[in-house]
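In the two complexes that follow, chain A is the common piece, with chain B as its partner first and chain C second.
On to the complex of A and B.
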C-alpha cells in the first residue's frame, strides 16, 4: 500500500466550501471525487492535512467523508485508507468520524 | 535546646506562610487573567452567534459572511485549545456549535432564509449556550 499526503490548503483550496458541485468550485463533492475516491479505489493510504485552510464548514466535511459511505465505502476501509491530521483544530478528525458513523447508521 | 526548637518552628512557619501567600497571590492573578480571557472569548462566541443568525436570515447565501464565520470559528477553537478553556479535551460542545451553524443551509446554492422560529436558529442558540456553560464549568472547577 503506497502512501501519499493530501494537503487540502495546497492541493485543493484554502477556502473549501459547500456540499455539492452546484455550491461552488471547492465543494465537498469535488474534493471527494478528485482526491478521496481515487485513493480508495487504488487501495492506497493518504495522510490528509487540514491545517492551512481558512476554516471548514461542517457541510463540506460531511459531504466529503459521509458521502463516501453513501457511495458504498465502509467505515473500516475509509479509516484504513486515511489518516486525518489537524493540529490547529483538533476537533476535525472526530467530527469526520461522527459523519461517517451517522452516514452508516442512515444506510 | 528548647529555645532553638522554638526558633526553628518560627522560621518554618514564616517560610511556609510565605509560600502559602505567594501561591495564593499567583492563583488570584491567574484567575484574573483567565477570567479576562474567558470574557473576551464570550464576546467572540456572541459575535459568531450574531453573524450566524445574520447569515441564516439573510436574503441570499452571503459567501463573504460565511467565509468570515468559518475564520472566526477557526480562531475560536485555536484559543479554546491553546488556553485549555474546555476540560479533558472534550470538544463536543464546540463541535455542536460549529455544526449547528455550518452543517445545513450553509455555503449552499439552495440556501433558504430562516424564519425567527426556525429549528436551525434554535439549535444555534442552544449549542452556543452549552458551549458557554462548558467553558464556565471548567473555569469554576479550576478556580473554586
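On to the complex of A and C.
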C-alpha cells in the first residue's frame, strides 16, 4: 500500500465550505470526489492534513467522509485508508469518526 | 497704471454684470440638473436599529416605502440619509442589503438617488461599505484612517464562498486567536450555506409582487472598543416560514406551545437532523451558537422575520411588530479582554 499526503489547504483549498457541488467552489462532495475516492479505489493510504485551512464546517466534513459510507465504503476501509492529522483543532478527527459512525447507523 | 475713463468704467461695469448674469444662469442650470426636489424623498431615521421597536418600525417602513416606489410603482426616488446619526451593524446591513436587492430587481430606467448624511462619520461608513458606489453616486469624503471607520468591512455573495470571508477575517490574522478566526469562518460559511439551501424555498412575503428572487447574502463587521460585531443577512422567507415545510415533526411540537417567531428560531437552533432526517446534517445553527457562546464567551442574536433569539450567558426571546422578511445572524465577540470589563458592559453596545 503506497502512502501519500493530502494537505487540504495546499492541495484542495484554504476555504473548504458547503456540502454539494452546487453549494460553492470548494464543497465536501468535490473534495471527496477529487481526493478520497481515488485513494480508496487504489487501496492506497493517505495522511490528510487539516491545518492551514480557515476552518471546517460540519456540512463539509459530513459530506466528505459520511458521504463515503453512503457510497458504499465501510468504516474500517476508510479508517485504514486515511490518517487524520489536525494539530490546530484536535477535535476534527473525532468529529469525522462521528459522521462516519452516524452514516453507518443510517444504512 | 492709466486711470480708466468714465466710458471705460461703464463698459467694465456692463461687462461684469454680463459675466455675473451668465454665471448665475449656469449655477441655476447646474442646480436644476442635480435637483432632486421633484422626486419623492424618503427619509432615513436618526438611528438605524432593529433591536428597539420604534427605530425598527421606522427602518422597516422606510424599506417598505422604497420597495413600493421603486418596484411596484416603478418611480424614481430620493433616499435622504441626512438625519442618520447612529448606525447599528445588523440594521445597517439590512438597509444596505435591501437597497442592493431593489437595485437588482428594479427596471433599469428607475433611478434611486440619495442625499448624503450630514454626520461626517456616518457618511464615511456608508462610503466604506460601498453604499454610494452601489447607487452610482460619487462621494468625495475621505474615509478616515481612524479605527472606527476602518474597522467596518462588507462583502456579499451567492453561494458558500469561503474566500469571501477574507474581507472580514484577513484583518484579524494574528490579532485574534486562530480558534476564534476558525469559529467565525465556520459560522459564516454555514450561514452562507443555510442561505443558499433553505432561505428561498418560496416567494418572500414582502408584498412587492415580484417574481424574481434575489438569492444573495450580505455580511459586514465592525470592531469597536475591543468588541467585534459580525452580521450576516439573507433576504429569504425566514426561519419561521421554512420550519413547517422542512421540519414537520419539530413544527408539530412547536404548535403545542404558542408559536411565536422567536420560539421557532430558538427551536431551530437546537436541531441536529435535517429535513431529510439524515443524521449529521443540519448542524449549522447549532454549531454556530455553541462554539461562539460556550468557547469564546460571545453572544449570538438571530433575527428572523418578527422574532429574535439571543444566545449568550442567558438566553432570551423577543418578538416585534414588524418583520424583517429574512434572517440576520449577529455575532458579538470580545476580542480584547480588558480588566473589569464584563459581558454586561459589552452587551450595552447593542442595547
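Note that in this section the second predicted complex is superposed on the first by the 107 of 107 C-alpha atoms of A that agree within 3 Å, B and C clash if a C-alpha of one lies under 4 Å from a C-alpha of the other, contacts with A are read in each partner's own complex, and residues count from 1 in each chain.
Just so we're on the same page, a residue touches a chain if its C-beta (ideal position, glycine included) is under 8 Å from a C-beta of that chain, and two chains touch if they have at least 3 such contacts.
Please read these numbers as outputs of a predicted model, since none were measured by experiment.
Peer 1: When the two structures are superposed on chain A, do chain B and chain C clash or fit side by side?
Peer 2: Aligned on chain A, chain C clashes with chain B.
Peer 1: Kindly classify A:62 by the partners it touches after superposition: chain B alone (first), chain C alone (second), both, or neither?
Peer 2: Both partners, chain B and chain C.
Peer 1: Touch check for A:54: first (chain B), second (chain C), both, or neither?
Peer 2: both
Peer 1: Tell me the contact category for A:18 with respect to chain B and chain C: first, second, both or neither.
Peer 2: Both partners, chain B and chain C.
Peer 1: Output check: A:90 vs chain B and chain C. Expected answer is one of first, second, both, neither. What do you get?
Peer 2: After superposition on chain A, A:90 lies in contact with chain B alone.
Peer 1: Once chain A of both complexes is superposed, is A:102 in touch with chain B (first), chain C (second), both, or neither?
Peer 2: second
Peer 1: Can you pull the chain A residues that chain B and chain C both touch?
Peer 2: 15, 17-19, 22-24, 27, 54-59, 62, 88-89, 98
Peer 1: Please give the residue numbers of chain A that touch chain C in the complex, ascending.
Peer 2: 13-19, 22-27, 54-59, 62, 66, 88-89, 98-99, 102-103, 105-106
Peer 1: Residues of chain C touching chain A in their complex?
Peer 2: The touching residues are 159-163, 165, 169, 178-179, 181-186, 189-190, 192-193, 196-197, 278-281, 283-284, 287.
Peer 1: For a test of understanding, state which residues of chain B touch chain A in their complex under the given definition.
Peer 2: Interface residues on chain B, with respect to chain A: 63, 66-67, 69-71, 73-74, 77-78, 81, 89, 91, 94-95, 98-99, 101-104, 106-110.
Peer 1: Note which residues of chain A are touching chain B in the complex, please.
Peer 2: Result: residues 15, 17-20, 22-24, 27, 54-60, 62, 88-91, 94-95, 98 of chain A touch chain B.
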